[in-house]
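Here the structure is laid out as structure tokens; the discussion comes afterwards.
Order as written gives the chain letters A, B, C and D; numbering starts at 1 within each chain.
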Amino acid sequence: MEGFVVDWKLSFDALSIFFGFIILLVSIPSWMYSIGYMQGLYSGGRILFAKILLLLFILTMFLVVFSANALLFLIAWELMSLLSYFLVTLDPHEEKASRAGLIYILMAHIGTAFMTAAFLIIYSYSGSFDLSAFKETCLILPLKVKTTVFLCFLVGFGTKAGLIPFHIWLPFAHPEAPSHISAIMSGVMIKIGIYGFLRFVLFTLGVEELWWGNLVLVLAALSAAGGILYALMEKDLKKMLAYSSIENIGIIMLGIGGYMIFVKMNQPLLAVFSLAAALYHIINHAIFKTLLFMGAGSILKTCGTKNMEKLGGLIKLMPVTAFCFLIGALAISALPPLNGFISEWLLLQALFYGALAGATFAKMKIFLALLAGILALTGGLAAACFVKAFGISFLAVPRSKKTETASDSGWSIKAPMIFLTALIFIFGLFAGPVFKILTGVAASVSGLNNGAAAFTFNVLSLAPQEGSGVHLNNLLLSGALVLIGIFVFSIFKVISREKSITYGKTWTCGYYSVNGRNQYTATGFSKPFRVAFSFILMPYRKMEKIRDSYYHVKSFKYEVHTKQLLNEYFYKPVINRIFRFAEWSRKLQQGSVHIYIGYIFLALVFLIIFLKRF
Amino acid sequence: MVTLSGQIIAAVFSFLLCVRAAGGVPLEVLNFFYIDGLSAFFLLLIAVSSMATAFYSLWYFKNDENTGFYYFLFNIFVFSMYFVVTVNNLGMMWMAVEITTLASAFLVGYRNNKTAVEAAWKYVIICSVGITLALFGIILFYYTASSQTGLRNLNWTELNAAGKFLDPMVVKAALIFIIIGFGTKAGLAPMHNWLPDAHSQAPTPISALLSGVLLKASFYAIIRFVIIASKSVGFSFCGNILGLFGIISLAVAAFFMLVQKDIKRLLAYSSVEHMGIVSLGFYFGGKAGIFGALFHAFNHALAKSLMFFSSGVIIKKYGTNNMHQIKGALEVLPFAASAAFLGMFAIAGLPPFSIFMSEFTVLYAGFKNGFYYSSSALLIFLAIIFGALLFHFSSMLYGKKPANMSASKESAGITALFGVMLLFLLALGFHIPDFLRTLIGAASNVIFGVE
Amino acid sequence: MKIFLMLFQALLGIAAAPFAGGLIKKLKNNIRMRKGAPLLQPYHNIIKLMRKNETISKDASYIFTAAPYIHLTTAIAAVFLVPSFFPPLHVNGLGDVFVIIFLLALGRFFMALAGLDTGSTFGGMGSSREMFLSSLAEPAMLVSVFAASLAAGSTGINALVAAGTFKISLICSGLAFYLVLLAETARVPVDNQETHLELTMIHEAMLLEYSGKSLALIELAGYLKQFILISMLVYFFIPFGTGPVFYIAKFLAVCAGTAILEVTIAKMRLFRAVDYLIFSFMISLAAVAAFVMGV
Amino acid sequence: MYIELMQYSVLLMAFSMVAAKRFSALVTLFALQSFLLFLLTFSEAAKNGSTRLYIVAGLILAIKVIAIPAFLSRITKKIKVPDGMGLYVNTTLSIFIAALITLLSYYFIRNFLPAMDKEAGAALIISLSVTLIGLFIMIFRIKALAQVVGLLIMENGIFLAGASITDGIPFFVEIAVSFDVFVAVMILGVFVYRINSLFTHIDVDKLNELKG
């Protein structure tokens, strides 16, 4: 072996194709969106540059997904991070963007370092970077090595996916990037992290011990609950979406962790089911998160701000965006009959049957029930979060001058959003067939026995287990909803004879004028949550009196912030330590040539004394 | 111009030598010059970067007169380095290394202001001390050789042949002096202190040459002795000492780069880091380790010259080395700044640039031969260093440009130079041409004593 | 045939739902030694509201108009899932007990939006608090149902109804579910339906802007929700005795209990309600634990 | 016999250089030490009358005994700096440290190179300690010129090693090295000039603009 040769071996198995499909699903609309989005924001040359970069970025993502060679995978992976970094810092004047990019690429690099270690450990046993060779080698790895590799992979891929202890880059990078880039990053790129996890941990390394699965489940639950909690606190629209991406990654990882423990509890059917549910949620999140970021983007473009406190009343000014955003919000809050609901329902079923089936694992029952509870909590918080997002920024009265004059953007921005909205409905209504395909994928890649037949009652309706009498035919459900809706509507039209509707001012205890200033704010909306979860969020407030004389206070300035637990108590201290140490170490080199020669002398003496040790 | 053409001729000549030596048959000229794979490889390295530097110097000094002295010293410097890697007699090699110091001393002090002279002084003094210690080591070598095998000269070939008869303890003792001595010049911590000063004060082309080639040339000297010593004391002993210095160098570089203000010092420390990686490659050993180390030396020569060139352009424009005063370079000098940025990613070891490949190989050697801790340490330090580099460069390249500064057109030739170098780095990252592969193979064969 | 029976059951449920509300009110008043409004007052209210003109804020959008319909629609759809007078009746494809929870969530989502739509401060406050409480109530509700279905061996309605054995786990989960029920139907320890002081209102504050027909829709939907939850409690957690008679008896019993409870205890502060809901969540987990222990 | 004597007196010279306070004294002592080396080589040459050793001896005489000291003292005349060379540690402590250094080299040679025969070992100990003492002087003497001399002392020590433990390192290497030393000293001298003209002093410990 002299030097490494990158061989461009590609493989197209079900998993890769599935992810390739998702890449297409997101990147094509985003590309179209970018055309309309970028003009006016950047200079012509930069737009061209951005387009080339975007193309390369998408290509590298394909390369990552389809590469059958770990080295190629690694290279493509790092390229992906690099290109996305350039895209995040597209506008060189944005100090914030460049800082966000810095954090992003640094975290990505650390993640890659862990992956590199893992790859090299495996390679030093296998002697070839071929994935099949990896797979064979992993069968014979000693357990300790396997565990090390697993942990390395968990950190490496978790960082890219934005799993919670490693997520800090995500809420910086996604909001600062241009919106179509945020859409792609949130929609696909973090899923590539999931792909890596599936490919290398589940289907190459194999699940060795139960606690691996438990660890993943715990991290997943943390990400889900924590992510949405922080999202709820945000008043920056895109940052909120970024945090909610963390939440959804958590939900997906719940499914994957489910797969891991079910394999260990030898419940192959359930394992496949739970994995398929995770895949389903991957698709769904790709769709609606992209859509939501596009919505946020078009708001940002027309109103020039993504701060909810400055928005409002947009539902009348930009109806299309509002409608699409509403559907997206409904879907992401897992409300029937849209697609988010389906995947979350499936995950609940997976957890339930896991709890039911794991007869020999008594404590797993409680654990899974707890997870189900956390999933429910997440759903509830997500609903609250998106009620706030939509309600504050689209409903009621505009809160700033610029917002009052907003209007829907051009077709190249509207069309992709409408397309994705349609997709939300499609993937919601035709859950049966979609899920059949996904179970096929899950079964084939995991090599477990094919449960595809078992999970669908007939063509259209899902059934987590045959004979359990539980079927969900979403088409029927939504049909019922529509019918009942029409029924109710017509009935009430009939029995309440046409009454006159008078339009008046909003009543606020007789206060004379309601305007943007005295509406309920995003901060106010999230107040109860802030108080209830203060033990995690650690809110603190800055109050400042602006007074023109000692006696007369002209106005108050009042800010509420929440602390990031991990940043405060882990990342910041570590970084500060490193910097302080570096600052201290500069003392060693104060410029006196005598001392420098002294170092040489000391080195010499040291070696002379310890010569026998070498 | 003369210099450039001279360099080109020399480069072509050495290239031919490489082709000759890649076959693995060493070439001896009147028992004075001796060129085997190892020398050939380093010849190539020197040739490439000194050629590039000569070209760059033309641009760098295009505005000032009487650069004759500069070019005179430049040539002496470069040719003494050629001499280092081609000469057979170790004593002569030692002298050549000393001459590189003496020649480059005036180049470092070229600007002849306070800081420059200070840097030059430290450079000369510290390097001479190191070299002198190395001489002591050489004498010990000669002592054991002559007393064991009655050898009467210092020719490497014969010493090497006598390798296994040498007295291990003496060799060990000698090796300490050799490694510390030449290590001083190769910029291994903690003997590296001259390096940031010299690099920051020398004219940019010279800085490029110093860290691009000089460090490698003196590392070459170390390798020569290591080859002989490994015959009697085994490779691992030499490897361990190198590994110790390698780790120290990495740590020092990492922490000093974090809090650096001067861009050229930053790059200097990154050179320390890369020399550390090279010596770690020797520590990890094995074919992979050696291959990685040598390949890394080559890549580093390329990338670091590129970095110095491009940041030299930026420095000339902003008129300061202080990174806090440089802002928005991407706007002012699009090409140079982009080159610097990409080069930064290259030396930070990101794919698809070739340095990633060599670092990867070194790491592989580490993991393969079970040096888990030092490999992980290497990974951690690389991450820190990447952070430091990115931190400084993004603050320099992004942001608003100073109000009084206007985007100026850049010299096409220099831009082309950057382009070519980047292209090389990229191409080597994807595929190592067979020529280079065989050359490095020959070099590592020499190291392993394979005939 | 089955379809007609089912429709009939649904209509019956819709018809009966307001009665329960009236009953509880009446009982409360009687306990307080008051005469109280007649039992059928809710019907009168609804009809009266139908007749009235409607006033809508000029800042409101179509969300405001659509929300009541959606709210009611989801409630009715849930009614189709819940076993009431004729237990084993429901459409198979419509899903399981989880779906009921999701459906109710859908209605709530739109009501909360409507609360924000008019830009009135109280509306915003109301919807904020509503979402707050419900998001905390959701896990408790889900896990209690989860425990029950564990006992039943499936989340399907039939299985849940059929699982007719008393267990400690079932009692625990039933208790948890009942606590959540009180919260969800805006009853005393968490909210107070009778208050009309804006700052203390939670559910009511959200509806503050509504009037006329829309308000009627919302009230009806509210009664339906209560009906649904009580029926769930009755069927899934109080497993003895089947058949309409038992059902009605148990239903009335629950109503009576609720009335007594509401009279005897006082409303909590908003942030005490958090502890209350977390408590019920813990009970439901305890129920799961009990099930694992097999009792 | 007298060879050992001379070797020891070389060491003695080194010690006395450590003890020296003034620069002129240092230079004289250096010249003396070099002269001893010259004698050493010359006697070697006389013993096994080889011309190349004569030449080497001549070189030493020319370069180290005459040229370099002259050059150095001329510099000291040229640049009007006080003759003291600035001590970090006073002479007593310095001598003590020098003794320690000698002990260290003794320990080193005896522990790690036991195979050596007595005389060679002793010579090696002496030369090593002279080298290290030179290093010590470079570390603990402030003035630039002192450092130059320190370097030269190291060279002397190494030459002693070369001359005594081996029978002289190969010829042209020898010559090359001595010329090399000469050039080095010249260049250092030039830099001393420059330092003096730029800083108006030659306290190299004040040269600490570049740090970190």
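What we mean here is this: a residue touches a chain if its C-beta (ideal position, glycine included) is under 8 Å from a C-beta of that chain, and two chains touch if they have at least 3 such contacts.
Computed from a predicted model, the values in this text were never measured in an experiment.
Engineer: Minus chain A, work out the clusters of chains still connected through touching contacts.
Structural biologist: Connectivity check, chain A excluded: B, D | C.
Engineer: What are the chains that chain B and chain D both touch?
Structural biologist: For chain B paired with chain D, the chains in contact with each are A, in label order.
Engineer: Name the chain whose C-alpha centroid is most distant from the C-alpha centroid of chain A.
Structural biologist: In terms of C-alpha centroids, the chain at the greatest distance from chain A is D.
Engineer: Which two chains have the most contacts between them?
Structural biologist: A-C
Engineer: Using Cα averages as centroids, what's the distance between chain A and chain D in whole Å?
Structural biologist: Taking the mean C-alpha position of each chain, the two centres sit 70 Å apart.
Engineer: Whole-Å distance, chain B centre to chain C centre, using C-alpha means?
Structural biologist: 77
Engineer: Distance from the CA centroid of chain C to that of chain D, rounded to the nearest Å?
Structural biologist: 99
Engineer: Chain A to chain B: how many Å between their CA centres?
Structural biologist: Centres of chain A and chain B (C-alpha means) sit 44 Å apart.
Engineer: Residues touching two or more other chains, restricted to chain A: which are they?
Structural biologist: Residues 586, 589, 591, 593, 597, 600, 604, 608, 611.
Engineer: Mark out which residues of chain B touch at least two other chains, giving numbers and ranges.
Structural biologist: Residue numbers touching two or more other chains: 121-122, 125, 129, 133, 172-173, 197, 256, 259.
Engineer: Which residues belonging to chain D are in contact with no fewer than two other chains?
Structural biologist: Answer for chain D, listing residues that touch two or more other chains: 108, 112, 135, 138, 147, 204, 207, 209-210, 212.
Engineer: Of all possible chain pairs, which ones touch?
Structural biologist: All chain pairs meeting the touch criterion are A-B, A-C, A-D, B-D.
Engineer: Quick check: in the complex, which residue numbers of chain B touch chain A?
Structural biologist: Chain B residues touching chain A: 121-122, 125-126, 129-130, 133, 172-173, 176-177, 180, 184, 190-191, 193-194, 197, 237, 240-241, 252, 255-256, 258-259, 287-288, 291-292, 295, 328, 330-331, 345, 350-352, 356-357, 360-361, 363-364, 366-368, 375-376, 379-380, 382-384, 386-387, 390-391, 394-395, 397-400, 430-432, 437, 440-441, 444.
Engineer: Quick check: in the complex, which residue numbers of chain D touch chain B?
Structural biologist: Residues in contact with chain B: 108, 112-116, 120, 128, 131, 135, 138, 144, 147, 151, 154-155, 157-158, 161-162, 165-167, 169-170, 172-173, 176-177, 180, 183-184, 187-188, 191, 194-195, 198-199, 204, 207, 209-210, 212.
Engineer: Tell me, which parts of chain A touch chain B in their complex?
Structural biologist: Touching chain B: residues 1-6, 71, 74-75, 78-79, 82, 89, 92-95, 97-99, 101-102, 105-106, 109-110, 113, 116-117, 120-121, 123-124, 578-579, 581-583, 585-586, 589, 591, 593, 596-597, 599-600, 602-604, 607-608, 611, 614 of chain A.
Engineer: Quick one: which bits of chain A touch chain D in the complex? Just the residue numbers, please.
Structural biologist: Interface residues on the chain A side: 586, 589-595, 597-598, 600-601, 604-605, 608, 611-612.
Engineer: Sort out for me which residues of chain B touch chain D in the complex.
Structural biologist: 89, 91-92, 94-95, 98-99, 102, 105-106, 109, 112-115, 117-122, 124-125, 128-129, 132-133, 135-136, 138-140, 142-143, 146-147, 152-154, 167, 169-170, 172-173, 196-197, 200-201, 256, 259-261, 265
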